[in-house]
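Presented sequentially are two complexes of chain A, the first with chain B as partner and the second with chain C.
Moving on, here comes the complex of A and B:
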């Protein structure tokens, strides 16, 4: 029975990738660009979900991991002429190192203290982008020279390449989430989320598991940050602000924490909610807020989380 | 059979602020025995076993397990060495199935490499632990939906999943019905064939029926120690605990 569920789940996720692949041939330009952006942001949300959804680590500092990757790639492109391939690698390393360092300190706390400590670190990182304004140009930011934005000889300025790179990144993050959700490590992370003390008393080094989860989450966020810079060409302090720590939290909550596809569903929905509502009213955040309230009322565990609970227990 | 010391403590104490919950306890526990730890409410029984399992650090003293000083080892390492603790207040993974709960307890021990244990082996081991406590037919039920008695049994199954050398049971029969207690007593006897059992228990019938040796704790100190017969006849114990 279990293996049939695994197959069903695998088929669903491969199907989503196939649909996203096919969509590029039919979507009008405007939505084509949007969807590429959504896939990249959803990858960020999937990274966040590994810490928040699967492990129960409510971080308010993920903008810092995203920005670490973004600035690592952006600054190295600007000052050392590093291209997209090197930039992505640097992004992963930056996210990983920052998450390991912050995790070692922040994971000594739990609950609200953890939220506050991660928030403080992220605010410090945000301020650092201004402190080093000489290089980062702070709020104003800088543009990555388009000649450096190319991967394996293909220009990322080109919409088709960009879409394909976004889809590849998205698929990789999905594969990582899927593998973790199905692994024995995933089972331990879920146990930590439910009852940390009991998990410890079953012989698990809870601190180490949480650190590994946070580092994976940070490395993904860093990779996505770097990819975002390389794909869309702009690096600025906004991406290090609290807003980019809150957004992945909202996307994940909306789509369903601890589901593999939830982050994507949440990101897509929120993106188009903002996009469509801002088309006919300047009070569009009000509409977004109302939509969120409605969701919490009818889908308390997010769209896919609630669906899993009520109808599809096989969803990973 | 030569008596081998499995666990001992030297002058073990724990202070909470001004309160000395465990007060200079030196204790020896032999391999293979069923030991009951009894004493009035607040005597320091839970605190004492918390010091053994490493959930809290002692103020002074040493804990030696299987010949090694484990006083400074973190709790999870002690569990891996073979000290399993089942909680006084039922503590399972309420949102997971009974089977998942036991899988979690057996998984770490059965893991060989990075990828964790063979799923079939894990399932077999977890099912056999559930079977031993009589919950095999409830493997798919969500732990939080099980009756209280069944949750206590699930706790024990999780202890068994760890395959411990020493199983510490903190008031396992509290809140159980008479039939459930009878099942439980049989279960502990069965477990004791492969593991040593340290049992905190208020129910004197259970204690007298199961224990090889009884240790009586009162206000953080060992008041008496001996066979059930000796403890029954001990005047100090009667005054402090058994009443009259």
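Moving on, here comes the complex of A and C:
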């Protein structure tokens, strides 16, 4: 029984990637760029989901990990001429190191304290981008020179390459999420989320599991940050602001926490909701606010979470 | 100016900041203490208070003193009404689950901020101070209004303390904070206490905002700094401890004022946020707190 479910789930996820692959041939230019952006942001949300969805670590500081990767890649490109490949690697390392350092401290707290501690660290990181404005150029940000934005000799400025890189990143993140959700480690993480004390009593090193989950989550966020900088060419302090910690939370909540595809569904919906609404109002964060309240009130499990509960229990 | 008078000026500026901060943080602390929820929209209530104050002064146009007094009455009432509405429509339905309410109040923060942007606009506008005299010290003149702010804040805090410890409503609030189940068993209308506390917390923020508009202009993003500082104060003071909150507000307000006069404000903020994070890591109950977050 279980193996058939696994197959069904594997088929669904491979199918999603295949559809995304095929879509690039039919989509008009505007949506082509948008979808590439959505896939990159959805990868960020999937990274966030590993901490928040699977482990129950409600972090309000993921912008810090995203920005760590973004600035690692961006600054090294600007000042040392490092290209996209090196930039991505640096992004992973930066996200990993920052997450490990923050995790060692912040994971000593739980619940509301954890949210506030991560928020405070992220705020300090955000302010640091202004304090070192000489290099980062603060709010204004800087543009990564387009000659450095190439991977294996292919220019990332080119929409087709960009789409491919975004899709590859997205597929990799999905594979990691899928593997964690199916692994024994994923089960321990879920156990920690449901009842931390009981898991500790069973003899698991809860702190270590939470740290590993946060580090994986941070490394993915860092990689996505670096990829975002390399693909779209702009690095700025906005990406370190609290808004970029809240957005992945919103996307994951909307799509369904602790589902592999939920972050993508949430990101896609929210992206187009804001995109369409910005046609007639400049206050498009209003939509984000209303969506947050509406979701937490009526769909606390998100779209795929509700679907899994009602119709498709095999959804990972 | 010599170092002595310069320090005095910095201390005075810090004291004004501390006075407003203490009111705002007291509101946040009451809500956390009684309802056990973190209200992220607290800064938005602060901002709303300032904008309503500007709106009252602009519509009334009856001279600075009268404008200000009217704002001081109307603004907290209006903000309190919004808070009651939010509590009824959203928080109550979430059953005050700590994590859900944080997400919901983040949403509320965006809604209030964006509605303010759509109606009030992106400009910063001042309210004229109700009195216009300077206290002449031997070294420099100091705004009399700022001294009034310090006095008004102390009066409000004493009133809150008196209300909490000496009145029946205060007793109900303390009983709910201590043990809401038992309080309910003793026929205390816990739901109404929650609604009242949430509104009262927002009103304290609004009072702080009305006091601050003549010094700092009303702007739709002005709530972010007070929110962060109030968080810091409530955490350092100990989540749920009112005495700790006031003490921490004085310490942080003063040091924020003094540090930002002598050092780069960005560096001061970085250091302050890191210190707060570390305090929470080492002592999750805060410096004076008895309950964990």
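Assume the second predicted complex is superposed on the first by the 298 of 316 C-alpha atoms of A that agree within 3 Å, B and C clash if a C-alpha of one lies under 4 Å from a C-alpha of the other, contacts with A are read in each partner's own complex, and residues count from 1 in each chain.
Here is the rule we go by: a contact is a pair of C-beta atoms (placed from the backbone, for glycine too) under 8 Å apart; a residue touches a chain by one contact, two chains touch by 3 or more.
None of these values were measured; they are calculated from a predicted model.
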Chain B versus chain C as contact partner of A:147, first or second or both or neither: neither
First, second, both or neither for A:116, with chain B first and chain C second: second
Greater chain A contact set [chain C / chain B]: C
Touching partner for A:185 - first (chain B), second (chain C), both, neither: first
Which superposed partner A:7 touches (first chain B, second chain C, both, neither): neither
First (chain B), second (chain C), both or neither touched by A:293: second
Chain B versus chain C as contact partner of A:160, first or second or both or neither: neither
Contacts of A:127 with chain B and chain C, given as first, second, both or neither: second
First (chain B), second (chain C), both or neither touched by A:204: first
Which superposed partner A:195 touches (first chain B, second chain C, both, neither): first
Chain B and chain C footprints on chain A, overlapping residues: none
In the complex with chain B, residue positions of chain A that touch it: 183-185, 187-188, 190-191, 194-195, 197-206
Of all residues in chain B, those that touch chain A in their complex: 53, 55, 74-77, 79-80, 85, 87, 91-96, 100, 103-105, 107-109, 111, 115-117, 158, 162
Contact set on chain C toward chain A in their complex: 38, 90, 93-94, 98-100, 102-104, 106-111, 113-115, 117-118, 228, 231, 235, 239, 264, 266-267, 269-270, 273-274, 276-278, 280-281, 284, 292-293
Contact footprint of chain C on chain A as seen in their complex: 58, 105-106, 108-109, 111-113, 115-117, 119-121, 123-124, 127-128, 130-131, 246, 249, 253, 281-283, 285-286, 288-293, 296-297, 300
